[in-house]
Amino acid sequence: MNMIEVKGLRVTGGVAPDAVVEIVKGVDFTVKKGEVLALIGESGSGKTTIALSLLGHARSGCSISGGSVRVGELDVLSLDERGRRALRARTVAYVAQSASAGFNPARTIMDQVTEPALLHKLTTPAAAREKAIGLFRSLALPAPETIGARYPHQVSGGQLQRLMAAMALITDPAVVVFDEPTTALDVTTQIEVLAAFKKVIRELGTTAVYVSHDLAVVAQMADRIVVLNGGTVRENGTTAQVLDAPADAYTRQLLAATRRPEPEAVAVSKDTVPPLLEIRGLSAGYGRIDSKGVPAVRVLDDVSLKIARGSTLGVIGESGSGKTTLARVVAGLVDRARGDVLLDGKPLPAQLSKRTLDQYRRIQIVFQNADTALNPSRTIADILARPMNFYHGLRGNAAQKRMLELLDLVKLPASIAKRQPGGLSGGQKQRVNLARALAADPALILCDEVTSALDTVVGAAILELLAELRRELGVSYMFISHDISTVRAICDEVIVLYAGQRVEAGQRDVLAAPPYHPYTGLLVDSVPALQPGWLDARREIAGAVLPPMGASSGLGELCSFRARCPVRIDGKCNVTPPSMKKLPSGAEILCHHSGAELNRMQTADPVAA
Amino acid sequence: MKAHAQRLIAARLGLALLTLLLVSAVVFAITGLLPGDAAQQALGQAATPEAVAALRHQFGLDQPALSRYFQWLFHIVSGNFGTSLSNNLPVSELIATRLPNSLVLAGLTALVSVPIALVIGISSAMFRGSLLDRALNVLTLSTVAVPEFLIATVAVLIFAVKLRWLPALSYLSEVSSFGALLRIYAMPVMTLCCVIVAQMARMTRAAVLDQLNASYVEMALLKGASPMRIVLRHVLPNTIGPIANAVALSLSYLFGGVVIVESIFNYPGLASLMVDAVTNRDMPLVQGCVMVFCVAYLTLVLIADLCQIVSNPRLRQR
Amino acid sequence: QDAKPKQGGRIRVATQSASAADTLDPAKGALGTDYVRANMFYNGLTELDSHLGARMALAESLETKDATVWVVKLRSGVQFHDGKSLTPADVVYSIMRHKDPATASKAKTLADQVKEVKATGPNEVTITLEGANADLPVILATSHFLIIKDGTKDFKTAIGTGPFKVKEFSPGVRTVGVRNEKYWKPGMPHLDEIELIGIGDEPARVNALLSGDVQLINAVSPRSTERIKGTSGYTILETKTGTYTDLIVRDEGGITGTEDFRRGMMYLMDREQIRRAVFRGYGAIGNDQPIDPTNKYYMAGLPQRGFDPDKAKFHFQKAKLGSAPVQIVASPAADGSIEMAMLLQQVAPQAGLNLQVTRVPADGYWSNHWMKHPLGFGSVNGRPSADVIFTQFFKSDAPWNEANWKSPQFDQMLVAARGEPDDAKRKKIYGDMQVLVNQTGGVGIPLFQSSIDAHTTKLKGLGSVPLAGLMGFAFAENVWLEA
Amino acid sequence: MIRPATTPHATTVLYAVSENEADVAAPALQEPLPEVIAVRPGVLRRLTHRFSVLGLIGLVIVVFWLVVAFIGPLVAPYKGGVLTSTEIFGTYSAAYPLGTDYLGRDMLSRILYGTRYTVGLALAAAVLASCIGIFFGLVAAVSGRWVDEILSRLFDALISIPSKVLALVVIAAFGSSIPMLTMVAALAYIPGAFRISRSLAVNLMTLEYVQVARARGEGLFYIAGVEVLPNMIHPMLADFGLRFVFIVLLLSGLSFLGLGVQPPNADWGSLVRENIGGLAEGAPAVLMPAVAIATLTIGVNLLIDNLRRKSGRGGAA
C-alpha cells in the first residue's frame, strides 16, 4: 500500500512582478508504508520544496501550483488551513535541516518536543513528557530524564538534531520527513545521529522521506532513492540499483563527484628553507587576557606547523576544534597569547596594525561562509578592484583587465562583474571570494572550509580550481576542513586538531591507513562509505563502551581526547601529559600509545576505510 | 543567571556614575553659557548692579565656575543636593514633592501605552502588508504627527469643556478614589500615549517581523501551530529584549519630555520644575532634575537589559 | 453688586504664571500670582481704592506736613495669624528690609527713597524720606510693602495679618488659603478657602474656567473674550489699567538717539490697528507718554499722534537713515510686542525703513535684552501713581530709564511735583512732564492695555482697581460665591 | 552568537530584518538602471513598479511639499505677514481659502510661507542628526573599546537631558536663528541616531567581509565608510523617518515654549500654536497647519517604509 503518493507536483516561486520560476516541475513518486525513500540532488534541485509540500506547505514566495499529494487517505493539497494544521506533526512530521535554527532559543526543549502532542490534544502533558523521555532514551540521548529541561543552546548540534527527531516522533506520525538532518554536523556526530534515526525508524516502522545530497549517507538510510535535478526526477529506483547501476547520466555524475580522483603529487621543492609559513608553539583564544598572557577562552594550545612554498596544508578537526581560530591568528584577526608566526622565516607581527603592506598582501583569507564574506552592497567589480588598487595601485583599464583575467581564472562569466553578491549562487560567491584573494597576488591563501557549504558537484569544481591555481600560480594553501576525503584529495600535509591541540601531523598519506592517532582514527572511521550496510556494521564497534577511567589528576596538559578515546589507558592518560611520538609513516602524534600498538588496534577494525 | 545579572548591575552602576558625572559636567557647561544668572533672574526688572552683586555673593555665584562645580560635586558626594537659589528650599525636597507625581504619570502612561503598542505592533506584524497593517501604520503615524499641545487642547475642549466628563486640570489633591484617579489622569495619559505609542509599536512590529523570519517559526508552522500561537508562544519570548529596549527608550521621554503636557494640565511634575529652574537660572535645581532624569533613563535601560537577560536563556546562563 | 455677600464656599483661581520661584515673601514678588498671594496673607499700611487712591488699612492714619516725614498711626487690635499683635517693630522691619540688598527686594529702588523708619510710640511709626514724596501712601499700598512680622526670614509659610491663612504652599504648584477667622475687617473675608494656581497657557486657562475647574482667571487674551461671553454662566471683567507695552527707541549714540528717528518711529505706529488687531479693542489709545486716561493727572489736551508713514519717511530722511536693516527685538515677555513689531515691520517699507524682527525668548528677557538693544520693547505694569512711573522709568538716572532719555528739565519738574502739596499745581506740572515725554521721550506707547479677568457669574464682588486685573491683585477678601 | 558588545543595545535586532532585505534586493534595484535610459516611456510605469500605492502616495506628498517649500512664497496670495482682514479666525472663504489667523492674516499664505521652515529646518536637522549620529556611531563601533565606551557614555548623558530643556537652554544662550534651531533639533536627536547606528555597526563589524577588509590592512575610515556604512543605510533610513517626525514635533514644541522661527515667519508648529485659541471654533487657522504637519510626516514615512518594503521583495532568491 502506498503511504505517500505524489503526482505531477508543481511548485512555482516568485511573486507576480518578479520573474515566476517553476521550482518543481511535475514530480511523481510513491512511498510504501514503512519504507524509507531518499530524495537526493544537488543544492537548489528542489528537495526541500518537495519535502515541504508533503506537509501542504510552501515557503513564502513559493506556491504549489499543481499536482496532487496524498498521504494515507488524505489529499493534502485540497485541505484548508485548519485541515493542514491538523495534518502537520500529526500525520506528517518534519525534521529540519538545521535543528539549531529550528528550535526556539527561548523555550525549553521539553516544552518544544511535547508541543505537537499537546497542540493536537493527543495526550496529557504528563503523558507527553513520559513519552518524550522514552524517545530520548531510544535516540541514545544522554541524561534522558533531565535533558528536556535544558535550552537548545545547552545541547550539542547532534543532540539537538536527535531531539528534533523526538519532536517529530512524539505524535506517532504516519510519515516523517527528514530534510538533510545531518548535513550541518561533524562526521563523528553524523554517525551517531544516523544510527539513532535508523534505529527508531526501524523500531517504529515509520514511513520516512529522507532528503540529502550525500549519496553515502543515503546509502545507509534508504530503501529507495529518487534523484532530482532542476526540479525534475532523473531517476527513481532501489538503493542498490541507483548506486550500482545508475541509469541516468546525472546520477553517474553525482556518483563520480563523490569518488574523487587521487591528486597527482605536485612537485614541492622540499629544500626551500625557510618554509613560507611557520608556526611555533602557538596559543591563542578569545576574551580578556590575564596576567600570564592566557586568554579567558583558550582555543589553541601549543600548535606548531609549517607550510612549504607551493604546498597545501590540510587542517582537520571537528567543529569547535579551533580551525578557524588558527586561520584568524595567521591573518592577524585574533591576537595570539604565546608562540611565533614566521612568514618566510621572518616574524610576523601579531597585531594587524604592525604588519606591512606586503605582509598583508601575501596572506589572504577566504572564509567559510560565502554569504557573509562579501559585502552585499558592493558590486563584484568593486570587490575585486579593491585589493588590486590597495596593494598594487591598479586603476582604470589595467584593473579592469586584471579583473576580467581573475574572473576567467575562477571560471566566472565577465557579465557577473556588475552584479552584487546577492545575485550569485553559493558556488559563484565562493569563487568571487577566491578571486578576491587572488587579486592580491598572495603567497598564502587561508581557505576556511571553502567547500563545506557547497554541494558535492559545486564543491568538487572549487577544489579542482584550487588545485589548478596552485599549479599555475604556485600559491600555498592552508586548507581547513572537517571533511577528511576533501583534505586527502588536495593536501600535501595534514594536521589534526582536537580541542585546540595538534594531535597529529604528517603527510597526506597518514590519513590513508593506520596507524594514526585515536582521534584521527575516529574521524577516518566516521566518513560514511558508499555502500549500504556500512553504518550497521560500524555501529557495532563504535557503540562499544569505553574502557573505564578514574578521575584526572596530575600536572600539565593532559590529552584532551581522553574523554572520548576508545583506547585510553586508566592511570596514564588521566595522569601524565602525552608525549610527541613519531609514527612509521613519518607522522607525529600526541599520544601515549606507540605506533605499533595503534596499528594493532586500528587494523583490527573491519570497516576502516 | 543571578551572577550574570549581578555582574551586569555592578558594571552598570559604575558606568552610571561615570554617566552622571558627564551629565552634570555637560549641564554645568551649557548652562554656564546662559546669559544672566540666578541673582539677576531673582531680581528681575529690579536688577541694579549693586543688588545683583550682593545677591550673587549671597548665592556664591561670585566664585569661579569650576570651584562652584566642584563644590557642588563635593556636596553631592556627601548626599547634599544643595539649596534652590530661587526659593531657598532644599533641592531634594523640591524634587521629592514632584518625583512621585512624575512617576505616577509615567507609570500610568506606561501601563496604558505599552499594551496598546504591543497589540498594535504585534497585529501589524502578524498581518504584514495587509490592510490592517497599513491602517495601523497610518493611524499611529498620524497620532504622533499631531503636536501634543494640540491633542491635549482638543481633548480638554471635548472632554472637559463640552462634555464635562473629565476635569481640565490634573488635581492631584483630589485623588480620593480609583475613579477619581482615572478621571484625573485620563487626558494627560491619553495625550502622552499618542506621543509614544507610535514608536513603540513600530519597534515591536520590526522585532516581531524579524523573529517571524526565523526558522523556528517555520518549524512551529510545520508542527501545526496556529498563527496566533506562533506569535504568542514562540515569537514573543524572543522579542522581549528588543521590545523592552524600545519601551525603555520611549518611557524615558515620560520624565523630562512632558513639559507641555504638564503645563497644559497644570500637572506638578519634574519636567516643569526643571524648565522653571532653567528660567530662574537655578543651577542646583537644574542639576538635581537632570540627575533624576539621567538615573531614570539609566534605570530603564538597565531594566530593559535585565528583561533581555531573563528572556534569553543564553544570556541567563552566563 | 448690591446683593449682600454670602459667607462660605471655596474657589479656585488661576493666574497666568506659577513657577518654582513662587514666593511668600512680599519683597520678592515678581508675578501676578505672587502679588495675589501676598494680598491674601498680608495687609499693607494702606490699600488702593478703585481710583488708585490710598485707603487706610493697617495704618489708621498717615500724616505729613512736608511730604518728607510721615507719621503712621497703627490700627490697634490687629493680630498676625499666629496670634501676635501688630507692633511698630513689624512695620519698621517690613519697610527697612527692602533696603538690604540681600533681601533681593523688587522694590529696592522705591525703598531707597526712605531714609529711616522709626517706632515713635506704642502704636506709631515715623517714616522719613530722602526727599518729599506726596505719593507715599500709594506706594505703601503696593504688594511689596505689605507688612510682615518683625524678624521674619523664613518664608516657607506666611504669617501675616491678611484675610487668609496659609494652608498649603507649594511653589509652582498651588497655594491654599483658609479664612482668617480673626481678620480685622469686619465681615471679611467671605470665602472659606481660596486655592491659587498658575496656568501659563492661556487657552488652557480659559478651558479650565469653562470646564468649571476654576472659578476665576486673569490675563485673558482679548481673542478669548467672545468665547467666554458666549458661554452661559461665564463673564469677563475688563479693567482699564495703566499697563502698557512700549516701543523703546534707545539712545545709545546711534541713529536711535536722534530726535528725528524717534519721531519717525512714533509716526509708524498704527495705534488703531494695534488696538484692533492685537488687543481686539481692549485698550485705550496711548500717546507716547505713560500716564493713562484713568489717572487723575492725565493731561487730556495733548494732541494725539497718529499713523503717518509720510511724516515718518520725512523724519527718517532727515535722520539720514540708510537702507541698512534695522533690528527690532521683541519677546513674548512683553505682551503683544511681537505682533506690534510685525505690524511695524509691515508698514516700515512705506517709510523707507528696512525693519527686521528678532524674537527672543521670554526666558531671561528682562535681564538680557530689555534696554540692551537700540530698538526693542518694554512692558510696564500700571503703577499706582504718576510719580512712581516717572521716577522709575523716566528720571535721568532711573535704572529703568528705558530710552536712556536725559532731561534735566524733567528731573526738576519731578522733584517739584513731589513736593507740591497743591493738587491743581501738581496736575499742571505732571501735564508739562507728559508733554515733554511725548515730544522727546523716546518711548512709543501705542495704547494702555486693559486687563481682562474672567469668572463664573456665580462669583460676585469682583471690582476693578485700575492698577491691574483681579482687583489690583487684592480680590481675595472681596469676592464671594452666590449659591 | 550573541556578543557581549551588542547586548546593551538590543535595538539592532529590530533593524536586522531590513538589513537582510536590503542585502538581498540590492541587485534588483541596481540592475535595471541602464534600461531606464533606454526606455523613456517606461519611466512612469517603472515608478509605479518600484513603489506600492502607499509609497506612491508618500512620494507625491513629499514632492508636493518640497515644491511648495521652494515656490510657496511665489504663489502665496498675500505676502507672508500682511494683515489683511479684520476678522480673526475667519473660516474658509474665497478671499481667504484657509481662513484667517489670530491677527487676521491669510492662513494659506502663512502656511505657504511656513513650508520652507518646517520642511527645510526639519529636514536639515534630521539629516544633520542622522549624519552626525551615524558618524559617531561608526567611530565608536570601528575604533572599539575606549572610544566606544566614552562616546556611549557621553551620548547616554546627552539623551537623558530632555530635548526641550536642552533647546531652551541653547536658544536662550545663543538666540533663535535658523541655523541655531537646526543645530538644537539635531543635537536633540543625535544620541538616538548614535545608539542605533552604533549597535548596527557593531553587529556589522563582526561580519566576515569586514574581517576580510581588516586582514587586508584597510584603514578604519575605509572600513567604516565602505564596508559598514552602506549596509546600515536602510535601517537608518527607517529611523530617519521617525526622527523627522520628532523633529517637526520638537520644533512645534519649541514654539509652545516661545522659541522657534523668527516672526513674521512661522513654522507649521508655531502656526498651530499661535492660533490654538481658535480651536474651540474649529478655526481652519489651527486645523490646517496641523493637517499639513500630519500629511508631511505621514508622507515621509510612507515613502521610506516603502523603499524598504520594495527592498524586501524576493527575499528568498
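For clarity, chains are labelled A, B, C and D in written order, and residue numbers in each chain start from 1.
Note that in this section a contact is a pair of C-beta atoms (placed from the backbone, for glycine too) under 8 Å apart; a residue touches a chain by one contact, two chains touch by 3 or more.
Please read these numbers as outputs of a predicted model, since none were measured by experiment.
By C-beta contact pairs, the most connected chain pair is B-D. One finds 22 Å separating the Cα centroids of chain B and chain D. Spacing of chain B relative to chain C, judged by their CA centroids, is 39 angstrom. Look at where the CA atoms of chain A average out and do the same for chain C: the two points lie 87 Å apart.
Chain A and chain B have Cα centroids separated by 50 Å. Residue positions 34-35, 149, 153, 157, 161, 278, 312, 314 of chain B are each in touch with at least two other chains.
With touch defined as above, residues shared between interfaces to two or more other chains in chain C number as follows: 201, 203, 363-364. Contact with two or more other chains is made by residues 59 of chain A. The set of touching chain pairs reads A-B, A-D, B-C, B-D, C-D, using the touch definition from the header.
The touching residues of chain D, counted against chain A in their complex, run 22-28, 30-31, 49, 207-209, 211-212, 214-218, 226-227, 230-231, 233, 313-317. On the side of chain B, the complex with chain C involves touching residues 34-36, 39-48, 50-51, 53-55, 58, 84, 86-89, 94, 97, 149, 153, 156-157, 160-161, 164, 167-169, 171, 173, 263-266, 268, 272-273, 276-282, 285. Those residues of chain D that touch chain B in the complex are listed here as 2, 7-18, 20, 54, 149, 153-154, 156-166, 168-170, 172-174, 192, 238, 242, 245, 248-249, 252-253, 256-257, 269, 272-273, 276, 279-280, 286, 290, 293-294, 296-298, 301-302, 305, 309, 315.
Across the complex, chain C is touched by residues 81-83, 86, 88-89, 102-104, 168, 171-172, 175-176, 256-259, 262-264, 276-281 of chain D. Across the interface of their complex, chain B is touched by residues 14, 19-23, 28, 30, 101-102, 104-109, 155-156, 170-174, 197-201, 203-204, 207-208, 210-214, 363-364, 366-368, 370, 399-400 of chain C.
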